[in-house]
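Next come two complexes, and both contain chain A; in the first it sits with chain B, in the second with chain C.
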Partner chain A sequence: MLARQILIDGFAIRALYALGAVGFTLIFGVSGVLNLAHGGIMVIAALIGWFTAGEFGAGPYGGALVGILAGLASAYATYLLVVRPIQRSRAIPKEESEIFVLTGTLLWGIMIQTALAYKFTDNPVTMRPILPGVVTLGGVRTPRNEIMIAVVCWLVIGLVWLLVNRTRTGKTLLAASMNPRGLTLLGFELSRVHLVVWSIYGVLAGLAGVLLASFLGTGSGNAGQLTASAFSIVVVGGLGSVSGSLLAAYLVGYLETLTAYLIAPTLRPIPALILLVLVVYIRPQGLLGRR
Partner chain B sequence: MRSLLSSRLLWGALVFVAVAAVLPLWLSAYVLGVLTAGYYFGVFAMAWDLLFGFAGEVNFGPTFLIGLGAYTAAMLNNRFGLAIPWCVMAGIVSALIGGLLLAMPALRLRGPYFGLVTLVAVLLLQNAIVIFAGVTGGEIGMTVPDVLSLSAATNYWYGLAFMVICAVILFGLSRSAMGLILQASGQDPIEARALGFNVTKHKLMAFSISAVFAGMTGALLVFYMGTASVGTLIDISIGVQIIIAAVLGGRRSILGGALGAVFLIGASEVLRPLGQLNTFVVSALALAVILFFPDGLLGHVLRRREAQ
Partner chain C sequence: MCSRKTAFRSTCVAGILLTTIACLNACSGSTTKDPIRIGVIGEESSVAGASLTKAAMMAAEEINAKGGVNGRSIQVITYDNHSSAAEGVRAFQRAVSDDKAVVVLGSYLSEVVLAIEPWAARMRVPFITPGASSNDIPKRVHDDYEHNKYTFQATTMSEFVAQSVCDFSHDVLVKQFHLKNAVVMSEDAAWTKPLDARYLDCLPKAGLEVMDHIRFNPDTTDFTPIFNQIERKHPDVIITGISHVGVQPTVQWHDQQVPIPMAGQSSQATNGTFWKDTNGAADGVITRNTAVPGVALTPKTIAFVEDYTKRYGLPPAYCGYSSYDMVYVVAEAIKRAGSTDPDKLVEALEQTDYIGTSGREQFYGRDDPFTHTLKYGPGLITGVHLQWQNGKQVAIWPADVANGKIAFPSFIKLSAK
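This part shows the complex of A and B:
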């Protein structure tokens, strides 16, 4: 009974984290950017979605849509205002642009977090569930909303996987992640490729944020933790791999839950960290990563 | 040309130190306290810059080394009542050992993975301290019975003197032969190896030096503040501030780190009335510097002179 409860309870939240991580890993794989403002973008989507749904009165669906658009807009802002200027800056030598982009996204993330805290306060907010009601699944009472979230996440991740691995656009993205110069020699515009990736990322992060708000609730204080989770999932799964992020999200998630239930709640973050260390030393490209 | 540069730098530094030394005659104890913290921070930033600006290794967890040094010293003083100098020395040794344990396998990794490992080290240390709260005081922290001094002015002078000495040592190292080799290893390791230099050995040395200074400063900071806690010493946000200070002041200049740290701490204090927005403004400022003056404050000034 407990096992089934752990299995089912963890399923949806893990899918949610996987969704966020998939966007994160795509951005790193294709654009080469470790976006440390990731948590901030998710929370912007969540808070704006909540605000539109509740205070503005657009209802859960309208709020969700506006939230996702907000996520898209923030992703564009991050790329156009922070990442691209640094990458194109002539004052920064090529070898160092990575660290500058990293620091830049970090600062941008902090700016987002503090601005949100100022406007909306630190308190976590919850959106009204999109699908109300409870259902009994295998003997465990589960909210319908949770099932919907799990389904939506898996669907979207599946779509992204199809996009990346089976469509022409996706193959362009993969090629850009492996050999950008070769791609330009074939006549593709790299800047368009980057815009496409950041658009996908914006939608994914926005969706993840909105769903998180309707499920567990979130606030500006969570931004850092969300980034850290996405980070660990992506490292374990493999930078640039969609299926890797999915696998890692579930692996890390169930490890944590098992530790909390079977050993001690205070030791919860430890196995994930140990796994992280092991992966970085033994197989730094991640479980399913390429490079 | 270069001697002109370094002599301008020298005069600028001398003026700075002279002005700083007489400040206690006018400023209040509170402001002196802020500046003292800034000076210790400056040493963190300078030690970080040696590793990053020169060896080219991005250390996302300088607080790992700081925390090791600080907590070792704090625990020895708290539990066994050892005198301050012994605790500081123990802190240095512990930070050095920890740094080597981290660096030896980590230097085998390339690119962002080294940074990742340093980040994970900080998380591990933070969680370890929280979990073994019985010994370490957990998230609340622990107090230490001994402090450096009770007078704000004396503490200020200790801090200033310490920063100046460390600055001289670190700057000297950066301009020495070893500094040059490190710079070469950082910017083009393949070529450096081709020229016959043992890149790994030099990077390890840089890491050890960074660890020694970080641990020493961490331990001294504990005895200045009288407490040690995760939030003030180990949290990722502290590491971030150190990195910002070093980049703001000017990477690869060593002294820029000190400047950046004092500026950062000063700016946070000056903007305190803004409340929560104070972090926003400081981060926005740092971002603007990165976008428009990537060489940092000191770097920008030095480059301009070089161009003349």
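This part shows the complex of A and C:
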């Protein structure tokens, strides 16, 4: 019974974390950018979605849609206002550009978090679940919304996989991650490829933010934690690897849930962090990483 | 007047500047019509911490409209500590050294107040917290009175919060609903340590056996494991001690339809915005609070809540009540002391006997185990227990102020025995 409970409870939330992390790892794979404003972008989507759903009476679907669009808009803003100017700056040596991007997105994330805290306070908010009510699943009382979230997440992750592996656009993305110089020699504009991957990322982060708000609830105070969680999932799974992120999301997630159930809820994040350190020591490229 | 020669120019400018500064100092020192400055350190990004500064400004404006204190107006200077102890200390130093505040009010976070307390002692300026409830704040005053006497706690301290929950549990949960056992669920923070200790002591005396005591990380976002762990014990009620978290556990309790009622202290549920923040998942949640909108604890409560709501668009948070009261208490203390000298002010504050917005406010004295915290008890301050029902906070305890009856949402299965 306890095992079933742990299995079912962890499933949806891990799918949600995986969804957030997939976009994060795609950007790294394709353009070498670690976006530390990730949590901030998810929270923007959640808060704007909540605000439109409630204040403008747009309802859960309208709110979700506006939230996802807000996620997309903030992903573009992050790329166009922070990342691209740093990458193109002549004042920053090429080999140091990654660390400047890292710092830039970190500061951008803090700015987003502080701005959100002043506009919406740091109180978390929740969106009305799209499917209310509960069903009993293998003896475990499970909210319908949770099942829907797990299904949506897996569907979207499947779509991303198809997009990357089975379409022309996806092949361009893969090529950009393997040999960007070769791609430019073939006549592809690298900045357009980057814009495509940031668009995919924006939709994924926006969707993850909106779903998170309708499931656990979220607020500006959670932004740092969300970034950290995506970061550790991606490091454990292997930077740039989509399937690695999925595997790591479940591994890290169940480790946390097991700790909360079997040891103490206070110690919840510790074993996952130990795993992170071990991976960095023993297998720095991550479980399924290529480099 | 000044020579055009360069050599003299700088001397001349410096001379004029010095004379101006000297004059300014003399001017500000010689008149008694200078405003009395009160520093207020809030947390502008949280509902509670923002209410604290707003309420203080409102009180100051009211006092000034009625002619001020001994002909002097009150000037409230606000600061934001961004929920950080280090920034709280810096704000306190700025308030005292740069802005010449004679009294500082501040913060609803015990961690911040405990950091400022020694600075109030070092800089010898009265410091009153309208919201932080750790027992250690008044205990330090008791243990080293000569140094720490400048700090006052104008909110119900954790132990008394727990006592109030136990008194409510005895009168309502045990006597009315015949509940027999409880699980205590608290966040791991400075204010909940004494709270939990008192819960474990007084709940059994009130008639609720404590089956389990769960403390969790305040960063927790997924409460499913905690609720499942609690459910497996089959308690009749969950007694909470939460403030850093609130919206998330409430929403998950509702969405997962945990069949056990929640009572205790859930500070976010005391905010007027809680219904909207949780999309109505708050329905049925019970919490202790300083006051409840629409309930006249004293003749001042309703007018205060109405004016505040009209002015700021939402009702005051729990520490808004005491922050508002404390500006009046300080004004009266300055009148009694006849000066703003810190030691005379402390003496005058100790004599406080003020009917505020949430009850009769007096501070415990030097010989009590907890010095300079608000006295608890019937006729003074007991707090109110409220339940969220259909978007409104309904007072359910004590009986003499209750304006409604307890009603639980349909997923709650009361184990009436």
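Criterion: the second predicted complex is superposed on the first by the 291 of 291 C-alpha atoms of A that agree within 3 Å, B and C clash if a C-alpha of one lies under 4 Å from a C-alpha of the other, contacts with A are read in each partner's own complex, and residues count from 1 in each chain.
Simple rule for what comes next: a residue touches a chain if its C-beta (ideal position, glycine included) is under 8 Å from a C-beta of that chain, and two chains touch if they have at least 3 such contacts.
Source: prediction; values computed, not measured.
By the document's definition of touching, of the two partners only chain B reaches A:Tyr281; chain C does not. Within the superposed three-chain model, A:Pro180 lies out of touch with both chain B and chain C [touch as defined at top]. Legend: residue contacts after superposition of the two complexes on their common chain; A:Gly62 is shown touching neither chain B nor chain C.
Of the two partner chains, chain C is the only one touched by A:Met127; chain B is not. When the two structures are aligned on the shared chain, A:Ala117 is found in touch with chain B and with chain C. Shared contact residues on chain A (touching chain B in one structure, chain C in the other): 114, 117-118, 266-267, 269.
Within the complex, the chain A residues that touch chain C are 5-6, 9, 13, 54, 114, 117-118, 121-129, 132, 134, 141-143, 145-146, 215-220, 222, 225, 257, 260-261, 265-269.
Within the complex formed with chain B, the chain A residues making contact are 34, 82, 85-86, 89, 91-92, 95-96, 98-100, 102-104, 106-108, 110-111, 114-115, 117-118, 224, 228, 235, 266-267, 269-270, 273, 276-277, 280-281, 284. Those residues of chain C lying in contact with chain A across their complex are 44-47, 50, 83, 188, 214-217, 219-222, 224-226, 228-229, 246-248, 251-252, 255-257, 268, 271, 273, 276-279, 281.
On the chain B side of its complex with chain A, the touching residues are 52, 56, 58, 105, 109, 111-113, 115-117, 120, 123-124, 127, 130-131, 187, 236, 240, 243-244, 247, 251, 276-277, 279-280, 283-284, 286-287, 290-291, 293-295.
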